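Shared between the two complexes below is chain A, which has chain B as its partner in the first and chain C in the second.
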Partner chain A sequence: MYKNIALIYLNCERFKKTAKKVFFLSIQLSAIIMNNRENIKTLLIEKPLKLDCGKTINNYPIAYETYGKLNSNKDNAILIFHALTGDQFVTGINPITKKDGWWSYAVGPNKAIDTNKYFIICANVLGGCMGSFGPSHQNPETKKMFGTDFPVITINDMVNAQVNLLELFEIKKLFSVVGGSMGGMQVLQFVSNFPDKTKTAIPIACTSSHSAQNIAFNELGRQAIAADHNWVNGKYMSNNTVPDKGLAVARMAAHITYLSKKGLQEKFGRKLQERDDLKFGFDADFQIESYLRYQGSIFVDRFDANSYLYITRAMDYFDLVKQFNGNLSKAFINTKAKFFIISFTSDWLYPTQENKDIVIALNAIGANVGFVEIESDKGHDSFLLDVPDFLKALKSFLDKSYSEKNL
Partner chain B sequence: MYKNIALIYLNCERFKKTAKKVFFLSIQLSAIIMNNRENIKTLLIEKPLKLDCGKTINNYPIAYETYGKLNSNKDNAILIFHALTGDQFVTGINPITKKDGWWSYAVGPNKAIDTNKYFIICANVLGGCMGSFGPSHQNPETKKMFGTDFPVITINDMVNAQVNLLELFEIKKLFSVVGGSMGGMQVLQFVSNFPDKTKTAIPIACTSSHSAQNIAFNELGRQAIAADHNWVNGKYMSNNTVPDKGLAVARMAAHITYLSKKGLQEKFGRKLQERDDLKFGFDADFQIESYLRYQGSIFVDRFDANSYLYITRAMDYFDLVKQFNGNLSKAFINTKAKFFIISFTSDWLYPTQENKDIVIALNAIGANVGFVEIESDKGHDSFLLDVPDFLKALKSFLDKSYSEKNL
Partner chain C sequence: MKSEYRIIADIIQKNTRVLDVGCDEGILMEFLKENKSVDIRGIEISKKKVQICIAKGLTVIEGNAEVDLKQFPNKSFDYVVLGQTLQAFVNPEKVIKELLRVGKKAIVTIPNFGHWKVRLNLLIKGTMPITKSLPNDWYNTPNIHMCTIKDFVKFSKVIDFKIFKSLALIDNKVSNINKTNLFYKNLFGELGIFLIEM
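So, the complex of A and B:
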């Protein structure tokens, strides 16, 4: 089970040889890690990174995956940023979960993000649990897992860690940075931090800062985890327990916010779960109950509770407006990147208006920006699903931009 | 602390004397119950009630409170139904919590529901934890608290229990039945069950059946309680534990749904909690986090976790449309009651459209129905708060109806 990944020790000391060297863990670490950790590519970053919290990290791993081929001009690379519970396995079969990659609808041969044409890079975020430096790693000082001793990280820290991948592949300028939800936040932060490192930028279904309601839902998830008897103040690994009930509740809460009221009603309504009538008990009478329980249960097999705390915290802390003293436009003043912003009609987590606010900020400085609101009943999750209008818009923008010689 | 109320033993056997006799527990039970249970009026209902689940209960207590005076014609009585976490203490100081009654904005001398004019009755719902028969009562068969052995109850069961209060006060016809949220569901069910027992009916911010999203949020709350190590499959009383963490998480989840995104943003936004900057930890940095934690913590002092399970289940089961084979109009075909339906613009739990669906069903049979959508940013909670337009509309409807001689 993947939750046991939390027990894996990534011995960073072994890798102190050269900066930014690639390691294919499948060979080196197969003896000390689980078999299903095969094929996790990891870049060990020796160069110190000063985090927003004030602490400095170095010799830390960033796990990543690539798809397609980098061309000789090295001008066809797209850096994809994943959302809260995503990872680097964008498409194809995820070698850990054995399920489809989280963006299989959008990424692949001839798909919206065409792997026949583009070279795709995606990294597990800092704080994550798919190989990148996170709270399930060992604290070299205590020789125990970090748990909540791991430094609180931010979206800014995440992109500052990931930009090292460009040097690894000797890419001077990406063709695009793309991401939905928290991935979109990383897109915005990346362009702001590295204004000349991408030709285009596609933030999807995101926001420039978390609203009070967004923070509330994330806090609910964190409280659900902390309420779990097995969380043990984040030290569950040393305790040989897993706060899976709390994490499942957190996932259920989040999952409701990913779907629209209308979408839920159309898909589930009041349909009963394999029964002709109500059972007058607390089993899952309704399909929606069964569905939510299932979503919670499968999530705990692939995600680490402390990572959930850290990544939601990073999302709540994200405030690009505040970073630029209340003027979002200033975040983008130094970039010539061409933006394409996409929102969904039924997304109530990051509604169209919050996406439009980014468009407005870009327009205010005369940036090159396109925007589309896609009609969909599938809520915030629309960006992960088979929503043809969205996928067409994404493909059109990318392919048209790629064909423009002077971009 | 009120959570200990769950340990109180209401000895129903003592009351097997006459049907529908009133007991003032303050005297009889003061020796065996907590001091703060003083002044809980209880009607012991001897008459059997067949529940929707198939079981029959009798000799069960319904706790209630009254305000104002019943006139000699007995035509000025209003039965108020409370919402999920409400109780019979509508206004004034709640003698148990020592806080204002839950509808103090609306009910009192010269207020919308004028206690100088009307006689107000409100009962704690079946399944509740403020004295009415619920899961914290003793199971006479096992001599232990019912816990999850308590029968699953429905909105229909609730109103069928409460109608006994009319006989107690020898009221042939109520002037009105009023309630918001789950209280509104009881209004609808009451009029459907007892079409000639009220002159007017005011369902506020409610629905004729729970949507998939409604069920999802309630299931989330139930799962949060069940995830609590101290819940012990509902037998926490025998275990001398209280599942307060799980119940607090359930309350936090529900609380978010009671407030609008805009209202939360205006009230809290990204304001920090007694600090100048982010602390890069997991304490409550944001006011909204602190507020949610507080709401969770005070709730567990006044509410029982098993009651939360039972009452949310009753709400999820509520489906007046299904009761009438898909035709909501038929629920009201036998009544001459005058309806006034009220919704709020920012209520996303029971949106205006779901309230309008009730209006449409009533119009379809030529019922006497008024409807108003009140502009408010306060979300579903608007009906509990100081929303002047709402309170004015409520008062106008009641007072105008009361002055109509031939109603």
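So, the complex of A and C:
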């Protein structure tokens, strides 16, 4: 995959000048694409949902996608939760971005999460920008885009909205809930809120309480967006502008946190970008600079800046420990779900210790929990990439658990 | 299955909660789960072996018994099993105390350093013994705190735990150890198996 990315960004650099010319056109296009609901399945939820912020929403859409077939017993369903910048298009070609789904390595026929065997459901999170109710939606009262008038949402609100999908498919109990990073936080919150709605739970590379370091990085991203004068306090949609520069910087900063020092050094080192020597200027001399700029530039085409603010805020507010008055074990006291927790050696954003804290809390109440730390130098992003040990562990846990009927 | 596992399985009662510390590839765990309807958990330091256990559907956490046992509440298991790893810990005393805090009972097995082959090896050759059950050289062995069956019996008095059952494994045959035969069992036993309680 890295090879492909490298090729794409090399090509991108070549066409950068042309790209700049068509930039404004592409912004308009992306705005249109975001409103194109043709390929997006949506569940309109009439039932009111009281949000943690105190406001209540109703008649709101949750966009979702499914893969595989629900069997007649309805016991093969897996709810996947996506991470910060993911969406419901887990695998195959994303019909909106025309790129591979974000978890194509893990989900598909005969893959770790086998779509021949399981029925996969994934929803765009509340506050997102791929069809679910979010800040780019119209405020029915003002007839304008919500922008920052959209209520602040939490991980708790996200799972409370998504649980409605179980009713849609008449599923009493899921076989599993799975997610990495923010998806893992949703897994924890889901099991805590609905202890008897899943047989197994797989939180990957996540935490039960967002750390100061992670809040700091998210704040950096939000401030980069706010510093872009095109952001206009979140009302850019009505100005027909997009805070693309701020959002790109936010993405660049965040992207660094998803990798590891060793991985970066091995991949890029001090290699120069299509030049033999330093140019004594501030253009992208180094390949890593070019790579980050590219990551920033493609991100703004598919992601809404206000959604980025809302979702990072939801992550920052996530503190399951505090929700249960300092005792994380209490979050899981009513569940019989079988947990499998996975972390990665080079993940410094959600380090092994934070994952282990969840294991400890579960063991303290005699819950059924397995745990493994996977060796990888691909950083936090390991869960999204081709890391064979990880994919093997995920597959063997799911398949073996599924074969145990009495679970 | 190793005779050692068969003996351990014989000691464990049906429908109990068991923690296998250093569960290796989960062979004992699988046997207990299937034959004794035991609710069994494992802890293993090797990532590879944890993966093997997970693939078998066993509930195993990656961890080091010396630091990770503390997460389990007091007496949360009926039995805690520690198979041939006590000698590899930096602080075996601490580990034994932890086993007996977490488990109502513990089953500990030790490779017997008092076996005649080991003694002869040291006496004749004058070098650190290398045997079938102790295959490493002194400089690369994980076994840093070797003891004999007799040492372990003495150890029970030092840190004050009760030995309910003590068995010796000789040529795949199991026999009881008692005060009168301790000298012989310590000389011929390849393995000591102890059921203990605080």
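Here is the rule we go by: the second predicted complex is superposed on the first by the 370 of 407 C-alpha atoms of A that agree within 3 Å, B and C clash if a C-alpha of one lies under 4 Å from a C-alpha of the other, contacts with A are read in each partner's own complex, and residues count from 1 in each chain.
The rule is simple: a contact is a pair of C-beta atoms (placed from the backbone, for glycine too) under 8 Å apart; a residue touches a chain by one contact, two chains touch by 3 or more.
Being a predicted model, the structure only gives us computed values, none of them experimental.
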Scan A:D389 for contacts with chain B and chain C and give back first, second, both or neither.
-> second
Check the residue A:G281 against both partner chains and state whether it touches chain B (first), chain C (second), both, or neither.
-> first
Touching A:I333, do we find chain B (first), chain C (second), both, or neither?
-> neither
Who does A:W348 touch here: chain B (first), chain C (second), both, or neither?
-> first
In the superposed arrangement, which partner chain does A:K261 touch: chain B (first), chain C (second), both, or neither?
-> first
Now for A:I93: first (chain B), second (chain C), both, or neither, which partner does it touch?
-> neither
Please indicate which partner A:L309 is in contact with in the superposed arrangement: first for chain B, second for chain C, both, or neither.
-> first
First, second, both or neither for A:E373, with chain B first and chain C second = second
More chain A residues touched by chain B or by chain C?
-> B
Report the residues of chain A in contact with chain C in the complex, numbered from low to high.
-> 338, 340, 359-360, 363-366, 368-375, 389, 392-393, 396-397, 400-401, 403-404
Would you mind writing out the residues of chain C in touch with chain A in their complex?
-> 17, 41, 47, 50-51, 53-63, 71-73, 76
Inside the complex, what are the residues of chain B that reach chain A?
-> 52-54, 148, 151-152, 209-213, 215-217, 219-220, 222-224, 226-230, 245-246, 248-249, 252-253, 256, 261, 264-265, 267-270, 278, 280-282, 284-286, 288-289, 292-293, 296, 309, 313, 316-317, 319, 322, 348, 351
